[in-house]
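The following pair of complexes shares a single chain, subunit A, combined with subunit B in the former and subunit C in the latter.
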Partner chain A sequence: MTLDINWRRWRLVAFGGFIVSAILFVAIFANVVAPYSPYDLDVANMLAPPSGAHLLGTDELGRDVLSRVIYAARISMMVAVLASMVGLIFGTIIGSVAAYFGGWVDMVLMRFMEVLFSFPAILLAVVLMAALGTSVVNSMIAIGIIFIPGFARLARAAAIDVLRKQYVESARAVGMSNTRILVREILPNIFAPLLVEAAVAFSYAVLLESALSFLGLGAQPPEPSWGNMLNVGRGFMANAAWLSLAPGMAIFLTVLGFNTLGDGLRDAFDPHLRD
Partner chain B sequence: MSEPLIDIKNVSKEFGGGLFSRLAPFKAVSDISLSVARNQTMGIVGESGSGKSTLLRMVLRLIQPTSGEITINGQNVWALKGGQLKAFRRQVQPVFQNPASSFNPRHSIQSILTAPLEVHGIGTPAERRDRAVELLERVGLDPAMRHRLPHQFSGGQKQRIAIARAVILGPTVVLADEPTSALDVSVQAQVLKLFSDIKDDLGLTTIFVSHNLAVIRQVSDRVAVMQHGRLVEEGPVDDIFDNPGNDYTRNLIAAVPDPAFARRNRAGTAVHPVSPA
Partner chain C sequence: MLKVIFWRLIAFAFTLLVASAILFVTINVVPGSAAKAALGIDATPQALARFNAQNGLDQPLIIQYTAWLGQVLQGDFGHSFQNSVAVGPEVLRRIPVTLELAVLAFIVANLIAIPLGTLAAMRHQRGLDRGVTGFATILGAVPNFWLATLLVMVFTLKWRLLPASGFTPFSEDPIMNLKQMIMPALSLGIISSALLIRIMRASMIEVLSADYVRTAYAKGASEKIAVLRHSMRNALTPYVNVAAVEFGFLFGSVVIIEDIFLLPGIGSFVLVGIINRDYPVLLAAALTITVVVLIVNLIVDLLVSMLDPRSTAKH
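Right, the complex of A and B next:
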C-alpha cells in the first residue's frame, strides 16, 4: 500500500496540527524553552520594552514576558486537555446511556443537559467557580462541566444511529450485557465525531480558561496564565502595550490552531465531502 | 404433529400511543397464534410492513409483545430471568437480513464469532478460536480470512458468517429474517442451500421470514401468510401454494413474476397483492 495522502483534503489538518504541536511542544518543554524563570524579579528593568535581552519586554515587576507567556501555555494546555477530557468522557457516557435506554432515562438525562446548555457558558463557569472556589483544578472541572451537554447531544445522536444497526440486535440476542454492548458495539462506532468535537472544545477551553483567569477566578498570581497577564496588562495599555499583546497573541494563535485542526478533521472525516 | 417447540399464542404488538407519544398507536401484529414443531421450518410470508419481522423479534425476546404469550420448549419466553434467560439466549439465535449492518465494522470476523462464546463463558480463548475456524470451514469460507474486517467480505460471504455466528452457541432454534433478500439470485441459492444443510445437520427448528415465495417454498415445511399484522392463512407449504384458500394468498402467488412458479397457480387473478382483498 502506498502512502497516498490527499493534501487538499488534509491541508487544514496539517496547518492546524502544525500550530497545535508547536504550542504543545513549548508548553511541555517550557523549562527548557523559556529564557528566564517566570518568577524572577528584576526591579532595575521594570516595564522594559522588547529588546535583545527580553524579546517581549518585561512586566511591571521586571519579569520576562516571553517566559511568562511560555509557562502560561502549560496551564492553558493542561486545563484545556483535562476539561475537554472531562466533557468528552462524561458527555459520551451520558449521551450513549440516554440513547441506549431511551424512555424515561433519556428524558431525564437530556432535559438536565438542556438546562446546563441554557446558561451562557461564561456565566455558568463563574457560578461554578464561585461554588467550587478559585483554583486551576476547579477551573478545569467547571469548564469540563460546561462541555458535557455538547458531547452528550453528539454522542446521543450518533448512538441512536448505531443502535439501529443489526449488530446491536445480534449482540442482544446472544445475551450480551448492556454495559458490554455499549462498550464493545456502540462506543467504537461513535468515536470519530466525538474526537472532532474534542478538538473544537479544546480551543474553546483555552478561551474560557483565559476568561476565568482574567476575572481572577482561575490561576492565581504570581502563577502566570494568559488571562491574568491580560488583566494586568490592561492597566499599562498606554505605555506598555506588549504586556497585553503577548498573551493576546498566544490565545489567538492557540484558538486558531485548534479550530483549524477541528474543522479540518471534521471535513476530512465527512464522507459527503469526498473529492 | 408432535408437541410444538415454539408456541405463539394470541400475540399482539402495538407501537406508539404512550403517555407522551404524539402518534396514534399502530398495531404491527394483531392476535397471531402459530406453533412450530421440533425440526420443522415455518415460513412466514407477507409484503413489507405486514409485521413478520416484528413477530420474529418478539420470539427472539428483542421486542416485548403488548399481549399474548410465546413459549419455547414449554417455557414462557418473556418470563425468563437470570440463568434461564442465559440458557434461552444460547438456544435461540437470529440470522438478520442486511449483510451491511449485521456486523460491527470495527471487529474482525474472529472477534465477531467468538464474542457469543465469551459472553457465555464457554471455552478458553484458544478453544473459542478453534470453534470459529471450524465453523468458518463449515460455512465454506477460508479460516485464514478470520482476521479480516466485515467490509472485506461480499454480501453472500457475510450471510455465511451470519449463519456461522447464529449456530456457534449450539442453538436448537434459529430465526431467520429475510437472510437472502439482499443477495443476488445466484448467491441466494447457495446461501439457502447452506442454511438448509446446516438446519438438517444440527436438527434445528427454524422460522424463516421472507417476502420471496420461491424461497419460502424451498425451505419451509409449513407456511404462514401475514397481511397488515394478521395471520391470513397457515398450513403445509404445498397445500398453501397449490391450493390457496384465501384471496390475498392467491394474489400474492399470482404476483410472482417467475413463470415456472406461476404456471402452477393459474387460478390466481392478476390483482396486485397490496390492494386489500
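Right, the complex of A and C next:
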C-alpha cells in the first residue's frame, strides 16, 4: 500500500516536472529551438496550413506559428515566475508580520487581505491593468498583487505554527530583535508550504496572463503571447483553425504541468491532503 | 443566531466599504487619462482642465471618493464620460444577462459534477475513479476562453447548429435566447465543474465510509439505495457550500466569455469602461460584480451557520 502511494505521488511529480522542464527549456532556449524569428513576415505564405516547412502553419502575416508559440512561452514563464515572486515575497512579509505581532496589526493586515481576496481574480486583474496601463511588466504586477492575499494567509498560518516552537522562545529570551527573529527564525521555517503554493500560483498566473493578453490588456502585438495569438486566431477560425489550436494547446499543457507538479509536491509534503 | 447574523452583516458592510475604496482608488489613481480619453489626444490643456473641473477630477481622491460613495448609496452611479448616459439604468439592464449566463453555467457545472463525482466515489481507487479524476485534472487546465473558441469551431463552423454570438432577450424569443446562451454557459460551466467534481467525489467518499452507510449495506440495501437514499443528502451538504461560492466565482469571471460571445452583460460593460477609459462605467460595473459576489458569499456563510451550528461555535 505504502509503495503504491509513493509510486503514484512520484509519478505525478515526474509527469508535471517533465512538462514544466520541457516548457522552461523551450522558453529559455527559444532562439535556438525556434525554426524562424517570431517577427519575420512572409507575405507569400500567409495563413499557410501546417507543412514540413512550417510545422504549425503560418499566421495572417505569414509568420511561423510554431516559432511564435515557442517565443510566447518566454513571456508566459517570465510573467508566471515574476508574478508568483511578487505574491510570494509580499504575501510572506505581510503574513509573517501579522502572525508575529498579532493584535491589531494582525487584524488590520488580514482584514485588508480578505477584502483583496474577495474580488474575482480576473475582474481585479482587468481593473488593475486599466490603472497601470497595458504591458507585460504591468500584467506581472497586477497578477502578483492578486496572489498576495493567498500567500499572506498561508504564511500567517505557517508562522503561527512556528511561533509556538521552542527555538523562537529561546531567540526572544536571548534578546534577538523582532526583525532578526522574523528573518532568521521564522522565514526559513515557513518556506516549504509556500513553495508548493508557488507551483500552483504559476499555473494560475499562466491562465491569467493569457486571459489579459486575450483581452488586449497584456502583451501587445507584434510581441507573441499565447493569449494575443488566440485572440487573433478567433478571426480566422473558419479557414485557419491552427491559429487557435496551437496557442490554446500550449496554455493547456503548461497549466496541466504546473497543476500536476503542484498536486504531487503537495502530496509529498502532506499525504493527508490527497483525498 | 441573531448575534452571528449581526456580526456577519457588520463584516459584510466593512468589506464592501474597503472593496469600493480599493476599486475607486485603483481606477482613479492615474490622473488626467479620463479627460484625454473623453476629449481625444488633441484636446488643449484648458479643455482638459475644464473637463476635470466639471467632473470633480481635480479634487483630492478622498473628496472624490466620499462624493462618489454618497451618490452610489443613493443609487446614482453618475453619467458616462463618453456619451453622458446615466450609468445606473444601464447596469440594471445588463445584470439579468449576466445572471442568466451565470445560472445556466452553474446548472451545467452541477449536472457534470454531481453524477461524475458520485460515480468516482462509488468506484474509489478503481479505473472509473481514476478516469474521472484524470478528466477533472484535464478540465482544470483548459482556459475557458479556449474552450469557447473550440465550441464555436465545432457547433457553429462545422455543424452549423448554433449562432456564433449575439443576444436575444428570453422574453422576446426563448428558443433563440437559449441557442445563443448554450455555448457561453458550456464554456464557463464545463471548466467550473473541474473543482466541483473533486469536491463531490471527496465528500461522497467520506460519507460512503461512514458507519450508518455500512449498516445500510449490512441490512441488505442495494448500492443504489445506499447511495441515493442514505448518502447523497449528507454528501451534498459540504458540496453545496463550495458550489455556492463557485456561483459567485462564475458571476465574477464572465468578463472574457461575454466579450467572446458579444453578450451585453455586466462583464462586457467592464471592458467598455476600460477601452473608453470611462471611469463611471468601469467603477459601476466592477462594483456591481463585486457586490453580487460578496452577497452570494454572505448568503452561503449565513446558510452554513444555520445548517451547521458547529461552524459558528468559535464566535
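The working rule: the second predicted complex is superposed on the first by the 261 of 275 C-alpha atoms of A that agree within 3 Å, B and C clash if a C-alpha of one lies under 4 Å from a C-alpha of the other, contacts with A are read in each partner's own complex, and residues count from 1 in each chain.
The rule is short, and it goes like this: contacts are C-beta pairs under 8 Å (C-beta built on N, C-alpha and C of every residue); 3 or more make two chains touch, one makes a residue touch a chain.
Not measured: the values here are computed from a predicted model.
Once the two complexes are laid over each other on the shared chain, residue contacts for A:Arg172 go to subunit B alone; subunit C is not touched.
By the document's definition of touching, neither partner reaches A:Ala201: not subunit B, not subunit C. When the shared chain is aligned, subunit B comes close enough to touch A:Glu185, but subunit C does not.
By the touch criterion stated above, A:Val13 is placed in contact with neither subunit B nor subunit C.
In the superposition on chain A, the chain among subunit B and subunit C reaching more residues of subunit A is C. In the superposition on chain A, no contact is made by A:Ala80 with either subunit B or subunit C. Only residues 57, 60-62, 85-86, 89-90, 92-94, 96-98, 101-107, 115-116, 119-120, 165, 169 of subunit B touch subunit A when the two sit together in their complex. Those residues of subunit A lying in contact with subunit B across their complex are 164-167, 169-177, 180, 184-185, 188-189.
The part of subunit A that touches subunit C in the complex is made up of residues 111-112, 114-116, 118-123, 126-131, 133, 203, 207, 210-211, 214-215, 217, 230, 233-234, 237-238, 241, 244, 248, 251-253, 255-256, 259-260, 263, 275. Taken together, the subunit C residues at the contact with subunit A in this complex read 14-15, 18-19, 22-23, 26-27, 29-30, 137-138, 140-143, 145-146, 149-150, 152-153, 157, 202, 205, 248-249, 251-253, 255-256, 259-260, 270-271, 273-274, 277, 282, 286, 289-290, 293-294, 297.
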